[in-house]
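The structures come next, written out as structure tokens.
After this come two complexes, each holding chain A, first together with chain B and then together with chain C.
Take a look at the complex of A and B:
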């Protein structure tokens, strides 16, 4: 559905993307996650032809992203935190305005259902809507024509928990077969929705993987020692975010395998009394990987 | 979808468009109230203030409607909708035509009718004015708005354009190239080039923005094309005059015209005597000049004069005196020059050479000036009427004409003395357009005179034939012999 190869984007001397590649499979819900300034929004803007890459290529719905035309845009729903909607029109007026551009593709029943579900007023001016309501309205405008591809750039930023729930519920219920690409910091909210994750850091894709593989690969490992825990001077590269507290040493195993874990831990750490492993939430995986990336570049997270 | 987008824009911007239209109509109403003579200065001041407001409001409407769907940046919702950018551009142009141009056009037609012009004439004039405004002002403004996202950016762009134009003008003045230093009425070349540059810059920038949405490239192209147009300010006036010669209506028509120093014309007399009978000292010097080879009905307009005087001691003095008025085939060349720094040797013989930059004009019509209250239709000036001024002894002949002014609107009024003051306000050829907020729709011409003279005066109109340069050589002349003759 979306494929990007070696995208580079320079803003004068600053390089925002440093050879980013990604692949969003058909029918997937792909989360592009990364810390602030990692390049998520820049990447999405290039994919949507809102901005031009300095180097590299991308295809969206099978066409070069630089050649996206109204034919493709009829099949793409887009919601961004910074999206500017016409403040002087009411929600109903704007929907009336949008409908003819999509022709038969616009589903009025779905539009009505979404407005009701999102509890959006029909006659209020868009400029008088709160930020949360505006984002929900943008989602209605992006879903009502049943797009093949839905792109969401930080859609949950600045929304209160109730609105987030409504937004995510509307998205989950109505997305159907739609392929979704979204960038977000809100891991807890998106975890139940996404099927694939791409972790972007400092303009590069650190890894991209299906959620099933990711959940199986990452484990929080908790090692209880017979003595005061000390971080070992040498540890496997796949053990990240290592911490010592009392007689407990914790770390994230990024190449987790049940078999042989005990032997591998004991080979590095002496005096092991007990080893516990726990599956990790997407948020924890993100945090651990972000800490490792920050440590590698010497910056603070 | 063009009409669909237009309706959305109308919904968003109708209030602003209404304010702009109302201000334009108020301005026009004040203009009609002022009449052709414009004697009420308070109303005139108010009209100019409203005009500025109407112009700003119209510009604001154009900017607002483009910014409803801003092109630069990446946050506008419409950019992710299946909307053709060509349709978007055409919808914006349609909005400017319907919401800005049509109200102005209606007002202009009303103004023409109020001034006594026919409907067809008023409509054609209003259409012409609307076209000029669209090309010279609204198109560039559309482009600037399409390359910006905020009013601040617009202001910066407009200020930058003004700085380029003024800066180049200052540079030209510094080097003495300014068209103002050259023969009169060359300014149209600069104006037309600047306006053509603006329009072309607008077309290029709009094309780039709505085709490729490349704001940086559009801004660069706009600036470059505009700067090329504005660079005409650096055109030396000699080159501008040569250009003017090439676009003359009848190039070569002045081929047989020669100018000679003709002592048989005698001294110029009487015109420079003060009320007490005294004459300024030193008395003005006038050299008699005769034009030969003029066809019947033709006369000359001197645009610029340069005099070189070489004394017996070899000293050279260069003067640029005021060009003389040719009465049929003769003129008296003054040697008064604002740039005189040394007294002219009057009693010693000097060698004088005079260079003339001239325009050959042909008389087209003669019209009697009506008595106060009367009116007359003059082909190139429009409907003219004589009105007594509300204060003072003067009357005025004011003319109103819809549509573009004549390439050269020469007005000549025979005076009691028999001398004629022939002047061209502009030599712009008919294919050159010079946008103006108002005066193109209703061209007003005013000439003041004593009411009692009305029956003795007539208006002659001329058309331009050719522009040319002539050289007059006077090998040996004593200037004291040509001091003005005093007749008490």
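Take a look at the complex of A and C:
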């Protein structure tokens, strides 16, 4: 659905993207995650042809992103955090304005159902809507034509918990019909919805993976020792974010497998009493990997 | 309509959590045979999960005989049939071993484990009795 190869984007001397590649499979719900300034919005803007890559190419719906025309835009729903909508129009006027662009593709029944589900007024000046309502309204506008691709850049940021929840509910209900690319920091909220994750750090793709594989290979490991824990001088490279506190040593195993973990731990740590492993939420996986990336570059978090 | 008393926890595979909640709801009598089961779309919207995941869960439950597809009507709760041999073997060897290891790890005694299993068993089978 989307494929980008080696995208580089320079703003004067600053390199925002340093060879970013990504691949969003058909029918997936792909979450682009990464720290602030990692390059998520820059990447999305290039994919949506709102900005040009300095180098590298991307195809969206089989078309070079630089050649995206109204024909493709009719099949792409896009909502950005800083979504601009005409403040002077009412919601109904804006929907009247949008519909002709999509012709037969616009589904009025779905529009009505979404407005009701999202508890949005039919007739209110857009400028008088709260930020949360504006974002929900933008989602309705992006879903009502049943797009093949839905792109959401930080859609949940600045929304209160109730509005976020309504937003996610509307999204989950339509997710089966469209491919989704979204960037978000609200990882607990999106965890159930996303099928693929791409982890951007410092303008590069650290890894991209299906959620099932990701959930399977990451574990928080907690080793209880007979004495005060110290970080071992040598440890497998796949163990990250290692911490010692009291008699407990914790780390994140990024290549977890149940069999042989005990032997691997005892090979580098003495006096092991107990080993406990916990599956990790997307959010914890992200923070562990972000800390490691920051440590590797020597920067502070 | 969705599953009663389900709340998903991040970090655990959604599909497993959903299957567990559905089986529990069926065996504990929260759903009776013949009763309509939530649609894929309703499950996805209510739980904020991807419809594909909900679809996989429903397919799996149909395979297990816990749900029956009624074309045009959606799925209804079936009558749980006898378990397949592989399921029994898997439960008796792997799952119980896991329980035993966890129990030993936290220092439980065998009678405590048996008592706890009995409690769960009685609670769930009572619900099924009432239903019959």
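Heads up, the rule we're going with is that the second predicted complex is superposed on the first by the 301 of 301 C-alpha atoms of A that agree within 3 Å, B and C clash if a C-alpha of one lies under 4 Å from a C-alpha of the other, contacts with A are read in each partner's own complex, and residues count from 1 in each chain.
We adopt the following convention: contacts are C-beta pairs under 8 Å (C-beta built on N, C-alpha and C of every residue); 3 or more make two chains touch, one makes a residue touch a chain.
It should be emphasised that the depicted structure is a prediction, and the values quoted were computed from it without experimental measurement.
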Partner chain in contact with A:227 - chain B first, chain C second, else both or neither: neither
When the two structures are overlaid on chain A, which partner does A:116 contact: first (chain B), second (chain C), both, or neither? neither
Give one of first, second, both or neither to describe whether A:165 is in contact with chain B, with chain C, with both, or with none. second
Which of the two partners, first being chain B and second being chain C, lies in contact with A:173: first, second, both, or neither? second
Pick one for A:13: touches chain B only (first), chain C only (second), both, or neither. neither
Which residues form the common part of the chain A surface touched by chain B and by chain C? none
Residues of chain A defined as touching chain C within the complex: 27, 29, 165, 168-173, 175-176, 187-189, 191-195, 212, 215, 274, 276, 278-284
Contact footprint of chain A on chain C as seen in their complex: 8, 10-14, 40-41, 44-53, 55, 105
Spell out the residues on chain B that touch chain A in their complex, using ranges where they run on. 1, 4, 8, 11-12, 68, 70, 74-77, 79-84, 214
Going by the contact rule set out above, which residues of chain A touch chain B in the complex? 45, 48, 50-52, 70-71, 73-74, 76, 78, 80, 82-86, 88-89, 93, 97-98, 100-102, 138, 141
